[in-house]
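Once you scroll down, you'll see the structures, which are given as structure tokens.
What follows is chain A paired twice: with chain B in the first complex and chain C in the second.
Moving on to the complex of A and B:
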């Protein structure tokens, strides 16, 4: 086990490296937007990775927590005038509550059954939010008026958003690094490898899963809130989209390296710019051409890149990573 | 309450459609243990194939069943051999791969068709029958009849034929089946092919009923998962029963509560079943846990 100082140094060095693209893109609004979105998605994938990667609980329902963060922030800000910074607290709280309510029964299910059940929750949330006029405004969604100011989390200068998302990514990554070395982190890794053996070794499997899920859900809700303030618009098909949100977090982690701290960041760093490029060059051919490429990439990644970029890099250097 | 018979009949017929879509999914899920997210897309592809055969060659959609089923059988073999078999012991990677296939096929068809919704103008699709004083669409009755026939056929196939017995042995214990000289990989290949062919049959039969759109598979697949989980993993009659229940619940909820909420209601039922009896109504108890443990 590497020493605490080495880990802290690695974390700081890594974060400086992650900061570099933003500094390079400062003068270029197009690239700055891509970097900003990549930070946000990397943070969200990192949050998913805590329970999905470390804990091996393959949730496809994280859109629910993302939606809680996005909608609660949009509603409290537009209706009650709360600062989005303040709304983060109730958003995290509600996400944790819902996560526990959903997870307590579904954690009995294993593998694909868990994935399908969580996906079903995502669809229930979509139907309900789409149906309710109050408080979610149904299919029309919620438009957040532009009132710039730090307290409103709305900025004129785009780079401030990049800093905000970077802060989120750094927070998620920091928590992942700490978790990876904590008692809970080891419990999650153990139960991912073999649930029965973990239980036999004295680990409270259900408690560990619930704690991991709660942390993951709270961070996902924060990401959802930031997403809402960044786009200043939330509506059901965007927030509860399976291919763009619910499954996307898992996809980024997979491509980067599932269950590693750096994986989600590398996945987002590769996928977000490539997808942007595909969308701008291929959509001229036909709408959805970029998704054909992305779909094919998913199949190929599952077949040939099982341990992601992190695993492939480790292979190249001639040693297997400790996953 | 005078609407009750018509709502019930509409529900049973909708259940026939869901059961038809879920049959192949259930077979693949139950035997190969693969969660095939792309199953709805296989149905969608078959619908477009049937549409194409009808508009270009004037082929009766019901006569399109054999060629479409054969084409889908071959496609299923290719998918199993080159995509899913290499991922046999990695259920998570299979979810990724089949979800990738879903995105790929859906958007490919979107590109080819330009996203225009289309339907076939087939006179027989407008035929109406009178059942217990209720007017019902002939093509929907045919779909339910076909589901019943296929379910019986599949039941007999699994019960009485050698390949069927091999498939059942593989479901029960992969290792022991291998020790008895059963070629497990070939059983999987056959099952996936048949599962895909069933998607083809469903697609051809549903073409006269639905307006075609590239995203239609997404509507089917979630319903089909609900049917499979409700009825019971790998149970042929479970898919039949589950299909009817989902169809009836959806129709009743849509009629008596609110059409916008009907999906949420059967999703909640589906989740309740997952929690209370994860093996489904007719499934083997414990399959949801034991079945996915690694077997070598």
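Moving on to the complex of A and C:
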């Protein structure tokens, strides 16, 4: 295991590297927006990666926690006038509560059955939020009025959003780094590799999964809250979209390198800009073509990059150093 | 000698399917006890039931003076009752050292982790050379050694070994059995051994039990069972 100082150095160096695109894009609102969104998605993928990657519990229901963060913040801000900074606390708390309720039964399922069951929860949440007039305002969604100010987490200068999302990404990554070296981190890695062997080694498998899920859900809710204040609009199809939200977190981690600290960041860094570029260049020619190209790229990644970008890079490095 | 493990009238199964019926068995301190039987006799199930991986439908398990019949597996480990599953079941994408460290997960073992790790690496020089290698790259015999060492990291007083010789070359089988014998003799660790390698298992065990279709049909001293005509015919091909 590398020493604490080396890990801290790696974390700080990595974060500086991640900061670079923002500095480069400062003068260009189009690119700044892409970088901002990439930070947010990288943070969310990193939050998913804690239980999905380290713990190997392939949740496709993280849209529920994301939705809790987005909706609770939007509602408390518009209806009760709470600062979005304050609403983060109840959002995290509710997400953890719901996460434990969902996990209790679903953690008994293994592999694909767990993924399918959690995906079903995402769809249930969609239907519920869409149906209820109170408090979620049904299919009309909630529009958040533009009242700029730090306390309202609404900014005139777009770069401030980029800083905000970067802060979120740094927080998630920092927690992942600490977790990876902690007792819980090792328990999650062990149960991912072999649940029965982990139990035989004296690990309380269910407790470790629940703790990992709680941390992951709380961070995902924070990401949802930031998303709501960034877009200043939440509605059911946006928040509970499987392709853009629920499955997306897992996908970015997979492409970057599942179960690694850097994987989700690399995945978002690659996919978010490419996606935007494809959308802007291909949509005019042939609407929907961007999704076809992106889908094909992901199939190729699944076939040839089994351990993501991180895995491919480690293979290359390993070949050079070991031989 | 007092009994370290005492199993009385134990029954267990998977869901609605009963597998074990009315099992009685004891292991004394420092003793190696073998459970032999054909495939599907319920030997592995018995180990799983004893250490809490499987819920009992009836009966009692008393370990070191405490009843553990309803305790989950992760808790029995911290009491010193540790199972080495069939095939070793290492964590393949972790290094040998990480595998060993994970054996010392509960409080008491965690405190002694470092000293214990060095001790294990001393005991297995091959392992020391490979401590940074992924466990998945080890050979079958090495894997079994690491699995036993991982269990030793949990500070066990009783090891439950499930077919440690399965799939190993005769030379490796001998080394694994030598290791088990030395753990019992030098460190006073009790061993409950499930084996298909009946002759050798009984030779190093002080006592043995024969299982057939979920019941214990015969028991006795290792040397007596080895000479038993039924046992020789059914399990040793003599």
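Here is the rule we go by: the second predicted complex is superposed on the first by the 318 of 323 C-alpha atoms of A that agree within 3 Å, B and C clash if a C-alpha of one lies under 4 Å from a C-alpha of the other, contacts with A are read in each partner's own complex, and residues count from 1 in each chain.
In this text, contacts are C-beta pairs under 8 Å (C-beta built on N, C-alpha and C of every residue); 3 or more make two chains touch, one makes a residue touch a chain.
Predicted, not measured: the structure shown is a model, and the values here were computed from it.
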Specify the partner with more touching residues on chain A, choosing between chain B and chain C. B
Of the partners chain B and chain C, which touch A:101 in the superposed model: first, second, both, neither? neither
In the superposed arrangement, does A:291 touch chain B (first), chain C (second), both or neither? first
What is the contact status of A:301 with respect to chain B (first) and chain C (second): first, second, both, or neither? first
After the superposition on A, what does A:190 contact: first (chain B), second (chain C), both or neither? second
Between chain B (first) and chain C (second), which does A:12 come into contact with in this model arrangement: first, second, both, or neither? neither
Chain B versus chain C as contact partner of A:20, first or second or both or neither: neither
Once the two structures are superposed, pull the chain A residues common to the chain B and chain C interfaces. none
In their complex, what parts of chain C are in touch with chain A? 51, 53, 72-74, 77-78, 82-85, 89-94, 98, 101-103, 105-106, 109, 150-151, 154
Of chain A, residues touching chain C in the complex: 183, 186-187, 189-190, 193-194, 196-205
Give the list of chain A residues in touch with chain B in this complex. 58, 60, 105-106, 108-113, 115-117, 119-121, 123-124, 127-128, 130-131, 243, 247, 250-251, 254, 258, 285-289, 291-292, 294-299, 301-303, 306
What residues of chain B sit close enough to touch chain A in their complex? 33, 35, 83, 86-87, 90-97, 99-108, 110-111, 114-115, 222, 225-226, 229, 258, 260-261, 263-264, 267-268, 270-271, 274-275, 278, 288-289, 292-293
